[in-house]
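Here come two complexes built around subunit A, the first alongside subunit B, the second alongside subunit C.
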Partner chain A sequence: MPGSELTPRGASAPRVTVWLIILLALVVGLALWSLNVGASRMSLLNVLTGDPDDRLSKILFASRLPRTLALLLAGSALAVAGLILQMMARNRLVEPSTVGTMEAAALGLLVLAWLAPGAPLPLRFALVSVFALGGTLIFLAVLRRIALRSALIVPLVGLVLAGVIAAAGALLAQQLDLSQSLRAWNSGDFSAVLRGRYELLWLAAGLTVVAMLAADRFTVIGLGKDFATNVGVNYGRLMLLGLLLVAMISASVVVVVGAIPFIGLVAPNLVRWLCGDQLRRSIPLVALLGAALMLAADLAGRLIIHPFEVPSSGLLAVTGCLVFLVILIRGRKQWA
Partner chain B sequence: MGLTLNPVWRLSLLALLAAFCAVGFMTLRVQTDWGFILEYRGPRLLAMLLVAWAIGLSTVLFQSITQNRVLTPALLGFDVLFLLVQVVVLLIWGAAQWQGLALPLRFGLEVLAVVLLALLIFRLLFSGAVRSLHLLILIGILAGILFRELTDLLLRILDPGVLAIDRGRSAASFNRINVSLLGVSTAFVGAASLYVLWIWRKLDVLALGRDIAVNLGLDYQRLVLRLLVVIAVLVAAATALVGPTLFFGLLVANLAYVLMGTQQHRWTLPASVCVGVICLVGGQLLLEHVLASSVPLSRVIELVGGLLFIALLLRGVRQ
Partner chain C sequence: MLPHALRRGLSVTGLLLATSFSAAALANETVTIQHSSGETEVPVNPQKAVVIDWSTLDTLQQLGVTVQGTPSNTAPELLKQYRDGDFIRAGSLFEPDLEVLQSTQPDLIITGRRAQGQYAEVAKFGPTIDVTPDPKDLLGSLERNTRLLGQIYAREAEAEALISKLEASVQELRKLTAEQGNGLLVLTTGGRMAAFGSGTRFGMIHDVFGLPQAVDNLQVGRHGHSVSFEFLLEANPDWLFVMDRDAAIGREGVAAAQLMDNELVKATTAGQKGQIVYLDPVSWYLLDNSGIGVMQTSVETLIEAFSAANR
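For the complex of A and B:
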């Protein structure tokens, strides 16, 4: 079947290593740059060269560093979540924001704002996770009803489902007079990230590590239920683990900064393109590329109309759409 | 449909219901004098009638050309294309100079740009390079997202302060109708409709598909090209009035097929317009005057239409 993980083009170990070094350098470079850019003047060099006065370290540790860390953590977590979702749906054209996971998470935030506006963070996170889980489950349930003849119907159903969930959310928001807030939750933006407001993303980082360790088995899931059961994998339990990982990673990002589109699609597909289909070895590359994309999008958003900002989600959506279209058009013969 | 009414009766019933909705919209809960009501509700009613007309017609025509019930102009990103053209024109020309031009001329130029772009897209899509229906729709929906995000981005970059006002325009609204464009769009929609009236006998042949139509002596290529222009004009007019409507056409056209129980264009075309009027005017009547709710009708249509779309996809796959 086209679009599945069935065509192993083995990734040679040296190639992966080379890309690992390149991407690591890219991420470090972008992170340093990100620390250096902002509305108020501050150069990293000042911290190194001499009097790191109070104002400087305040900006650095209260605003710049949290923002950069949040970008790193969210980007890599979303990239890995996208990869897992792709393995579970057995289709490389899906990711949390295009199947309804993120939209459902935003709906969860809306319901929270309605029923329990002052809820503590753990409760918020738990409820939003439940919604994200529900959204992903609906998608997988609809998929199960489709005989997988065309690899393209999977992302198509996902996109429309995401649209339906978003429309339901918009209706509810209109009724509750929360449209403005819903709009903010739907367009991820790192400009409000400060110390004390992003730490939930460390949980996402932990989940990402779990996902990386379990990646071996997710590769087996990509080969289908029968095959997975044959080689001794507990298919049901693994699917549940994958669902939980995707839902919780998406939920933590949506709670902290709002929905971030397309990273989960772009990063795994670019890595496939660079290093071949066997993603077990290259899963760190996926995480690094996700972080790099997130950092680059946020930097671009801050630099285009400095000192104003364009939210990174808009830039990512444009980039993601273009990458998606290129993948579709390049592979159009195999999908026809 | 267990009813065995003939199409004349069915269409008459639909038309009656549509007229009933229109009268209800104008007369229900009238508390001030008639002059005010006419001035306030009249243009909105007119705009909704125009939108129902334009979208019903364009969707049925488009589905006949493409020979399926799932594809609509909106699903290919047509309406968002119009918004993008508007923003790009502003960007290139400069807002002040652009506003100085006469309204009909401005609108005409925008429509022209959309028609040209749409034809270009069509050449790409129907040149044989893309054969899969799903690929087509997927590209269309992605193009829609892309155009919307690009429009949004351009607006933000152009003027960081003004975005809150214009952002709302990226979703359809039947409450904030662009009334100043009524005259121009009536003219455009009228011209497009006259052409459809002129050639309507050929439509049933066209819907048989390229090979049969050509065999029956239809100048297929030229007719399709002209109809595409007509569709682009209609979609541009509707979008200019209320903004993009992703699933409205899908909903209206499919309801018209089911309710009429025939594929003949002389029935499906007027039926789709009637169904559109019932959905828009009736829906607005229900939400605004009966339920006194602030829920935007466009969201309800989006929700129902999205579910219908998934159902159509699932059914199509199973067949």
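For the complex of A and C:
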């Protein structure tokens, strides 16, 4: 196995099935744990054994269940968005938080706070989506104009663009005295998730399903425009679909909980490492692994200084950076 | 009986400075001021004073003094006399504009908490005093700063009057808080919230005003702890104090009230009794309640809230 981790290979059906079962069990286990952990002393057993008074069911149904669902939905959606973006950029080292999508979405929230602070949710979502779309488009447009596309140039271009957008946001926030708010939106955290305040993420789940259904065609995009056109895929339309999916998924997550980094990078790459490159079979694995990572990060955030919380985005950023480095180092031969 | 914090505020040095030095100082036209970063000799009634601290501008306004230089940011409503007009604009609260200080040569510079790290730099450009409050003795610091400003502008009597009025109000408030159960303070920003306890930047609600804490291990860190609504339900405070950070800078639209309007907060004692108090973020956040004007207002607002609950 060593030395061949990152070389593409076909996913054998039994192997995928085994991992599917393992990851499903992991996600179910983490979700149950997530239902069981919170600032109050209530545990799942209380509901099953004790008399479920109003307070217990309130905590479970108003706080813990929505939070757990939000984690599942956001984690899986971001993982799949990362995968789609990687196919579109034809590079596996990019994801929405390293190419400017998330930064642009946070900039959108900032502009909203500035010009229309009381805007209703649909309007907020629409405007933030437009920003996220813009950020992603800039990245892909710049990428098209770069002739020499070594595997490392692509993520670097993304990071530079993300940095520029983040700097623009920081400058505007400084002028508007909203630096702290921008920081909150840039570091996603599920502590304020409640029944009635996360439902936008179901839209992200719907988009994720669309992405899964279109997965085959995105595999073709990954092989290049000429190839895609030759096998009869409408390249332009598919790129637009991919863009919309990535932008709207990122926007829904940023609007509900703030920017969440690295899930879109780590989940697809780990799945490739486990099962190979064939997307059609492995895309459910990517979604499950994304959900598992998101749940694990948020659980850690809830447990480290219980009953207070550490934002899960911070924990993900640290682990995500490490995984990013490992991928870079292990894949060096391949990138060189 | 004066509470501990008050007694410390009337420290020996403060008294000495207030009585013995002022008479002599007037004759020399200078006065030696002991402040948070040392001791500085400053002119009495300075002609070109630059104050890079809203709280100090608030106290000076209460003393009837208008200064020549302010921070460059737009002044809050209560200091609107500084919004327009020919003032020296000396940079942000965190980063004083050293070039402006150099070119204008002020005869007095006053810096506050947010620029404390820059004190040594700033002090190169003129006699500088640092009015950063001692987090362990917020009321004492406020009184000390009010007195020293009174000395500099020869308004000691006015300063003492303001201090006596504030002390009386604080006493009244402490009597009220003694029988009101406990409280918890949260700061909301960008849709998230953090809890603050005793010893933090908003700890005066417990430390000075005497309200017991709903959660007693909340002290660590000036920036508070990120918490969930479930935490609020578990803490179940009798009084919930909410400060909308985004409103501190005039974004009233994204109200913290909206964030707090949910079934978990409603299930707390504070929620059921309607004892959720929205604190004025300009006084509490922007000015740290470190100006004597905003502090007096904050104390009076709380007296009103607690008296209403008693009725």
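Throughout what follows, the second predicted complex is superposed on the first by the 325 of 336 C-alpha atoms of A that agree within 3 Å, B and C clash if a C-alpha of one lies under 4 Å from a C-alpha of the other, contacts with A are read in each partner's own complex, and residues count from 1 in each chain.
We take it that a residue touches a chain if its C-beta (ideal position, glycine included) is under 8 Å from a C-beta of that chain, and two chains touch if they have at least 3 such contacts.
In this text the structure is predicted, and so the values were computed from the model without any measurement.
Placing subunit B and subunit C on a common subunit A by superposition gives a clash between them. By the touch criterion defined above, A:59 lies against subunit C but remains apart from subunit B after alignment on the C-alpha atoms of chain A. Looking at the shared chain after the overlay, A:184 reaches subunit C, while subunit B stays out of its contact range. By the touch criterion defined above, A:21 lies against neither subunit B nor subunit C after alignment on the C-alpha atoms of chain A.
Looking at the shared chain after the overlay, A:326 reaches neither subunit B nor subunit C.
Of the two partner chains placed around the shared chain by superposition, subunit B and subunit C are both touched by A:305. By the touch criterion defined above, A:118 lies against subunit C but remains apart from subunit B after alignment on the C-alpha atoms of chain A. Within the superposed three-chain model, A:196 lies in touch with subunit C and out of touch with subunit B [touch as defined at top].
By the touch criterion defined above, A:258 lies against subunit C but remains apart from subunit B after alignment on the C-alpha atoms of chain A. Once the two complexes are overlaid on chain A, the subunit A residues touched by subunit B in the first and by subunit C in the second are 183, 305, 308, 310.
Subunit A contributes residues 142, 145-147, 149-150, 152-153, 155-157, 159-161, 163-164, 167-168, 170-171, 174-175, 183, 304-305, 308, 310, 314-315, 317-318, 321-322, 324-325, 328-329, 332, 335-336 to its touches with subunit B in the complex. Put simply, subunit A touches subunit C in their complex at residues 38-41, 55, 58-59, 62-64, 67, 109, 113, 117-118, 176-178, 180-185, 189, 191-192, 194-197, 258, 305, 307-311. The residues of subunit B lying in touch with subunit A in their complex are 129-132, 134-135, 137-139, 141-143, 145-146, 149-150, 152-153, 156-157, 160, 167, 246, 293-296, 299-300, 302-303, 306-307, 309-310, 313-314, 317-318. For subunit C in complex with subunit A, the touching residues are 73, 189-193, 195, 225-231, 233-234, 245-246, 248-249, 251-254, 259, 262-264, 267.
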